[in-house]
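Common to both upcoming complexes is subunit A, partnered first by subunit B, then by subunit C.
Up next, the complex of A and B:
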């Protein structure tokens, strides 16, 4: 029996605003770690997650330099998931809603993220064993 | 004029930020000379729990170096002289007792919150 599944996730929250973002990335990590193929449709604020110009910063309140702080930037999380999928030999497809990208001016995304549309989300869901929507609240 | 920071929603992006954004903002403003106080209510009362610990996060091939340390952040705020108030009923509703909370925080009854608000020139509800 082949337990490998194709799973689609829709994310909606922007970076640095909600614990749902971390939870979503943990779910993506777990799915890839178990050998499943993963699609992500980033909608509305979530299209900023793979924005290439995110920059980590020092934090004087924490008393750490930028190098010591290693502040999380979600674009690195997206890249790290793609790297993990390559290592595991699974598929990882991140699609940003193009209109949402244009609204926010975040068109410069990391290489593993591509521009798409709600039609891509529909196609991914149709081709998946299951779809999980994590909407903004 | 002292500002009361009212924090009602907790753990919103603490892993991404490596802290709570309003506790961080409070520390940064105090460092700049501001006089601040903090009121923790609703699920934010959990920020006062001394034994909490966040494990380092791993996403794909990425490993977090410094996860949030909320208890240490709150202890630092208390040590800096910022009054930190916790709504007793909200803590009790979550099974938290006084002994679970950080040293130096003040438990206030829900009925005392209005007076606490009235004693501050500015009240910021987050």
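Up next, the complex of A and C:
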């Protein structure tokens, strides 16, 4: 394992829109798996990723119930990353841009996500060994 | 000298900027910097042998370390036998390792 470092990631894509979200979550997972402390700053549409009211749904076209469909909800991925970090003993800090949250009405977030501002992103980046911004196109 | 890590997520036939990013990688490498180009998502389509992604081949020839995300390759049904020479198949965790090592990173 690498020496423990602090890595910050900025995400901007809303859920269910882009493969970038999948790749971003895979990067977060790999970073925690390697024992690094991870910060996430969610900006614009990405603040909906930990929205607590996301609900899995059935698939009537294929005749599958919600349980059979196992529709993924990103809030569970966020929670799973936080749980993984707790198990590994590393830090995991998810900050949602508050203005972006208010614009979109997604204030109810899973417990591991907190409200902040772009100033938090600056502080995170300043305190990190490295920062990756995954912007929308 | 610095080290640079570029993530390329776009298909070369979708965006001409892919070629521009390769040019940047080549110039940085020729200036003596360490450069890694990590192909993810549709960026891995450029890694196939026979694709006319000339700048990618030039980047490899120039010494840019070109890696392709094994997950993205599998998603797209691209077997390792179909990759251009010089492209290394890698898990995304290798990119995290470079981030942790302080490589300056940019996403495209």
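In this section, the second predicted complex is superposed on the first by the 134 of 137 C-alpha atoms of A that agree within 3 Å, B and C clash if a C-alpha of one lies under 4 Å from a C-alpha of the other, contacts with A are read in each partner's own complex, and residues count from 1 in each chain.
Note that in this section a residue touches a chain if its C-beta (ideal position, glycine included) is under 8 Å from a C-beta of that chain, and two chains touch if they have at least 3 such contacts.
Owing to the predicted nature of the structure, the values given are computational and were not obtained by experimental measurement.
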Item to check | Touching partner for A:72 - first (subunit B), second (subunit C), both, neither | outcome: first
Next on the checklist: I'd like to know which partner A:87 touches here: subunit B for first, subunit C for second, both or neither.
Outcome noted: first
Next on the checklist: Tell me the contact category for A:117 with respect to subunit B and subunit C: first, second, both or neither.
Outcome noted: neither
Item to check | Touching partner for A:26 - first (subunit B), second (subunit C), both, neither | outcome: both
Item to check | Which superposed partner A:34 touches (first subunit B, second subunit C, both, neither) | outcome: second
Checklist entry - Which subunit A residues come up in both lists, the one for subunit B and the one for subunit C? => result 19, 26
Checklist outcome for this item: Listed in rising order, subunit A residues that touch subunit B in their complex are 15-19, 21-22, 25-26, 28-29, 32, 59-62, 64, 68-72, 74, 76-77, 79-85, 87
Checklist entry - Can you name the residues of subunit A that touch subunit C in the complex? => result 2-3, 5, 7, 19-20, 23, 26-27, 30-31, 33-34, 36, 129-135
Item to check | subunit A-touching residues of subunit B, taken from the complex the two chains share | outcome: 11-19, 21, 24, 27-28, 31, 57-62, 64-66
Checklist outcome for this item: As the complex stands, subunit C meets subunit A at residues 7, 9, 40-42, 69, 71-72, 91-93, 95-97, 99-103, 105, 107
